[in-house]
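To start, the structure itself, in structure tokens.
When the chains are written out, they are named A, B, C and D in that same order, and each has its own residue count from 1.
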Amino acid sequence: MMTLAEVKEFLDREFPQIASNGRYSVEEVNPNGARLRAAYHESQIRPGGTISGPTMMALADLSLYVAVLAAIGPVALAVTTNLNINFLRRPAPRDLISECRLLKLGNRLAVGEVSIFSEGEDEPVAHVTGTYSIPPR
Amino acid sequence: MMTLAEVKEFLDREFPQIASNGRYSVEEVNPNGARLRAAYHESQIRPGGTISGPTMMALADLSLYVAVLAAIGPVALAVTTNLNINFLRRPAPRDLISECRLLKLGNRLAVGEVSIFSEGEDEPVAHVTGTYSIPPR
Amino acid sequence: MMTLAEVKEFLDREFPQIASNGRYSVEEVNPNGARLRAAYHESQIRPGGTISGPTMMALADLSLYVAVLAAIGPVALAVTTNLNINFLRRPAPRDLISECRLLKLGNRLAVGEVSIFSEGEDEPVAHVTGTYSIPPR
Amino acid sequence: MMTLAEVKEFLDREFPQIASNGRYSVEEVNPNGARLRAAYHESQIRPGGTISGPTMMALADLSLYVAVLAAIGPVALAVTTNLNINFLRRPAPRDLISECRLLKLGNRLAVGEVSIFSEGEDEPVAHVTGTYSIPPR
């Protein structure tokens, strides 16, 4: 399993666009999941004062990737095959926190779920399930 | 129904972040759907030379919104409630084209599907279904 | 909120096909969810000794319905609008238990998740999210 | 590729529960898809006179399996990994017809979409996307 520092270093090296963007950061990894943060920025705002759906989809996709990465080691070419998102509540104009949990870690597929929260809130703003295809090792 | 020019003007006014970003453009609207384009930009690239998943999710979400908008008129507060995406093939490093078709346009919910193509290719790189909740009118 | 006895009575009256089938039973309802059981029967078996996908989909759909029912009262005409299932592991040839939790209970839509287990196992065999449309009251 | 007769013979042999049930029949297979029928039966009816969701989910799942089978040959152990269904309109109390189209046929995963119609209607009652995992050959 990779440590938080190893995951961060790997992402900085392999996904420099994410690092240079500065929005998404990994806060914790564990054997079954990960917690990430998407920093609030006004460019994400949509009519009605809510944060855009794609911001949450990108956060969920990255959260799943990080959880898979932490569990199986540095595999840059794992790819999302399916992602399903339910938008539940309008997020407040502040940081988003994702809590990702792996439901299955197989040889070929990993499946996980992600709950996304406005920081400080108990009720999720979105819920995601996703599947990653793991290349032969 | 809104014309292509009306849809573009509405998006520019209500979603200035999308216009200023300059990536996504609406190419056609019709009573049952829409066609959009996501201009290629190197910031979207991921390891292996592929375009990021969130770029495709954002294109699909906007395509569904545009199709709903064109069909029901200017309703800024229609919101996505569910989006499901299957990633099918690695997109080439060039523009993406979305073809969106509404499957249902009800009083409360609109459901549509979106096929996303690398420009000039016949086989889709991703397929999306999504649901929009329509506010009471 | 409806009690377990009230939910059972309502289902027996409104969905006699389910009762006469005798496979599915409601074991618990609470303000945020429900637990159901699908009795094992050899007609559900598929090649490889596994239980059929549709058995699990039917159990998940009914579990969501029961959770919505218990939370909002007897509304026979609430209808599923979306259901997404990930099959995680081959279920053993025995009863299935579903644990359903509501993620959102709005005026128009309810969203929930369901984890399905082979009785006595800790790892889910399937995970489901679904949306119910609630008729105006 | 398998012919219609070969597909039927294979299903009868490997899935005798489906054949004995007598509800589902394969009407056509082609290199990219399949068309199936679910015979109407009053046990499928739900409050409001509509056909149950699980009947449609089972039809969609079987349609995807048949399309994969016809395209790759007799592989009993191909398994569904994900299925997403949107319920669009209340089906009439008559036969359901499914039109399945494969979106991708890879070495490890096949993805397809299914539109389900009440016989004789133009507008689909449900739309499904699903993924099958193909065992190593």
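Everything that follows uses one rule, which is that a contact is a pair of C-beta atoms (placed from the backbone, for glycine too) under 8 Å apart; a residue touches a chain by one contact, two chains touch by 3 or more.
Since the structure is predicted, the reported quantities are computational estimates derived from the model, not experimental observations.
Participant: More contacting C-beta pairs: A-B or B-C?
Facilitator: The greater number of contacts lies at A-B.
Participant: What is the chain whose Cα centroid lies farthest from the Cα centroid of subunit D?
Facilitator: Farthest chain from subunit D, going by C-alpha centroids: A.
Participant: Taking each chain's centre as the mean position of its Cα atoms, how many Å separate subunit B from subunit D?
Facilitator: From the centre of subunit B to the centre of subunit D is 28 Å.
Participant: Please work out the Cα centroid separation of subunit B and subunit C, and write it as a whole number of Å.
Facilitator: Going by mean C-alpha positions, subunit B sits 33 Å from subunit C.
Participant: Just the number, please: Cα centre separation of subunit A and subunit B in whole Å.
Facilitator: So the centroids are 22 Å from each other.
Participant: Among the residues of subunit A, which are close enough to touch at least two other chains?
Facilitator: Where subunit A meets two or more other chains at a single residue, that happens at 81-82, 84, 86, 131.
Participant: Touching subunit B in the complex: which residues of subunit D?
Facilitator: Per the stated touch rule, the residues are 84, 86, 88-89, 103-104, 111, 113, 123-124, 127, 129, 131.
Participant: For the complex, give me every residue of subunit C touching subunit B.
Facilitator: 81-82, 84, 108-109, 131, 133
Participant: Flag every residue of subunit A that touches subunit B in the complex, lowest number first.
Facilitator: Touching subunit B from subunit A are residues 14-15, 17, 43-48, 50, 52-54, 57-58, 61, 76-77, 79-87, 90.
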